[in-house]
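Take a look at the structures listed below.
Below are two complexes that have chain A in common, paired first with chain B and then with chain C.
Now for the complex of A and B:
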């Protein structure tokens, strides 16, 4: 199956490297970073292009744009891994639409378009007879979308609870384990590369809320938005609060929860028993699904990382390859 | 899709009840318990048959055998949930073969046939162009087979570690939490209905070993057998051992592990950090897959139970329905 890959940040590089390294029946025929593009219907020489990017800051021809790749390259599935814009979803929404309009499958790790325009994009994919998959938008390497689609098929999902932001989980783990203040733990997270210079998006719970919106819309077909989430971050937590929780055999985690029967869509720091499966350490993510038949199912894994996120994207690509194999 | 259901123990009843209760597009057209059978190509009246079984000890006509149902009923997929025979796999192997020979899909929760004759049965299914699925054989409601097949597609599975026996995990949890002896905890497990009168199969690690064999053969296509597993049970563990582990922030769990690169296929009590995702409480099961791209993925859920196991079987049935929908 032929792949056009747009976006060559950490995730894009991971996808390019894994497709090149592993014998998966996938060939990259189009490639774009923010400054240039390259295409070859017979398959691009990825190692050479990546080396070129390292040396020169761009991978291909500066006269070829991302949209040129999407509109002109010869491919079956677009992998859209450009930077997330959580406010407008653009330009990624436009990229995805352009591919769907060409009847190309789309796999994305981009939370913006899926949180903001999921219904519209899904409808468009359906009308064009192609797949739109976004396993990588939530909880990195954890195959939560596949689990909902197949593993728990037939179950009613009654509620979901998740630790969906690795930065917050790292900070809370360090505050609990070492008695650090929020500021100390945040500084450490920055030094480890787990927090950005401006951590607002993570520590205020916005990132977790966006993922909760994606999950809720996916599971229940609702059309909830970021503004529907009752959101509290972790930036006002004190070491005292964690100590008090510890005295009761508990700890504090930033929990995203969706419970339709109680009309709850919330991200907030919660006191939770240490032995609870959702209490994971460091930057791990975790999700518990409450269902009618399987009861509680918990999935734990890495919520970020170049190759870890590539795992989710490649899982989606192989699913499309398997399902629509005539196109390859 | 039409279903023939053979076996009306706890799991069979769960499957029958869920198919009847939920609108899944599944119709039971054949039903057999150990003493009788019933069939109707238009769909059986399941509530009436289950009530009849409760009153009279059998669900249908005593002159209709299980093999009659398999060979004569009008169905698309056989659900084989008869009792497990871990030594010979029979009569279930014969049941499954009879259905495959008729080009019927087979879904089973029966560990015997899959541990003993997986390769032969899979080949036979393939030759007949039908599916053989067995999500329910390992870890109850946890969709481990679906995760391996789809969620982690493209990953190399490097190792797996699992808590695969709820009885042992319950006993170890109680010994650790309450300082009980093995004998006391076992007695409690019996009272709770978590351990059988003869607990050998569970506490000696045999049940976990069988599940490990099924997983290893599924993942790596090896043809390992129960006798290849280096197996130690939990029946010689003392409260002292658990106390010593506790002093180090650890506990003891019966871990099944398969690590091909180290030639390890082992079930044994292991000292493990309490914060490790595999440390689950009570009768829960848990599995960690170590992979090349996604790294470690852990799944936690209920390892047994009527409706919980039905969840796994129904997931398999809906997968078949989705994939082979021409047959419905």
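Now for the complex of A and C:
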């Protein structure tokens, strides 16, 4: 199956490298970063292009734009891994629509478009008879969408609880284990590369809220929005609060929670028993689903990382390859 | 609760079994065979702790055992939840915050642990709230949410899974 890969940040590089390294029946025929593009219907020489990017800051021909690749390259599935814009979703929404309009499958790790325009994009994919998949938008390598779609098919999902932001989980783990203040733990997270220079999206719970919206819409299809989430961050937590929780055999974690029956859609720091399966250490993510038949299912795994996220994207691509016989 | 059952071997054990079946905890069993009391009927008083909402189920199970319930006594505060409050707790009148729960009559703050760092810094406290029913607890937590918002306190609730 032929792939056009848009975006060459950490995730895009991971996807390119794994497709090149592993014999998966996937060929990259289009490649674009923010400054240039390259295409070849017979398959691009990825190692050379990546080396070129390392040396010169761009991978291909500066005269070929991302939209040129999407509209002109010969491919079956678009992998859209450009940076997230949580407010407008652009330019990614435009990229995805352009590919769907050409009846090409789309796989994305981009939370903006899926949180903001899920319904519209899904409808468009359906009308064009192609797939739109976004396993990588939530909880990195954890195959939550596949689990919901296949493993738990036929179950009613009654509730979901998740640790969906690795940065917050790292900060809380360090505050609990070492008695660090929030500021100290945040500084450490930055040094380790787990927190952005501007950590607002993570620590205020916005990133976790966006993922909760994506999950909730995927499961229940109620078309909820970011503004529907009752959201509290972790930036006002004190080491004393963690100690007070610890005295009772508990700790504090940022939990995303959705219970449609009770109208709950919430991201907030919560007191939770240390032995609870959602209490995972460091940057790990975890998700508990409550279902009518399977009862509770908890998935734990890496929520971020180049190759980890590539795992989710490649899982989506191979699903499409099997399902649609490799052609768009 | 006060029970009445046949005074024959095995009857008492049969009457106690449903309590553990519904997850209850027996605190005391008092039974007295009074002189000249009824023929073959045993009166038993049991003090027990039950998980919230299990009383009705227990009543049904006891009836199935042929046990007659004479009286169900006072229900005590059995539902417990622990929350943490962070903020300027003293400046915002902590005793008033506690009193807003206590004055409901259906819930009370049964424990308070507190840490107070430097005077101007935010303090943290852990409150244990008790109530009779789950609904009362929800109402108490709702009050606490409202008060926290008014006083700009951060309320950290426990994760209560329930599907």
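One rule holds in what follows: the second predicted complex is superposed on the first by the 326 of 328 C-alpha atoms of A that agree within 3 Å, B and C clash if a C-alpha of one lies under 4 Å from a C-alpha of the other, contacts with A are read in each partner's own complex, and residues count from 1 in each chain.
The rule is simple: a contact is a pair of C-beta atoms (placed from the backbone, for glycine too) under 8 Å apart; a residue touches a chain by one contact, two chains touch by 3 or more.
In this text, all values refer to a predicted model and were calculated from it rather than measured experimentally.
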Partner chain in contact with A:5 - chain B first, chain C second, else both or neither: neither
Chain B versus chain C as contact partner of A:130, first or second or both or neither: neither
Of chain B and chain C, the chain that contacts the larger number of chain A residues: B
Chain B versus chain C as contact partner of A:159, first or second or both or neither: second
Partner chain(s) touched by A:244 [first = chain B, second = chain C, both, neither]: second
Where chain A meets both chain C and chain B, residue numbers: 296
Complex contact set, residues of chain C against chain A: 82-84, 86-87, 113, 115, 117, 122-126, 154, 156-159, 161-163
Chain C partner contacts - residues on chain A that touch it in the complex: 158-159, 161, 232, 236-238, 240-241, 243-245, 247-248, 250, 252, 255, 257, 259, 268-272, 276, 278, 288, 290, 296
Chain B residues touching chain A - in the complex, by the definition given at the top: 18, 22, 24, 135, 141-143, 146-147, 150-155, 275, 277, 279-281, 284, 291, 293-302, 305, 307-308, 310-312, 314-315, 317-319, 322
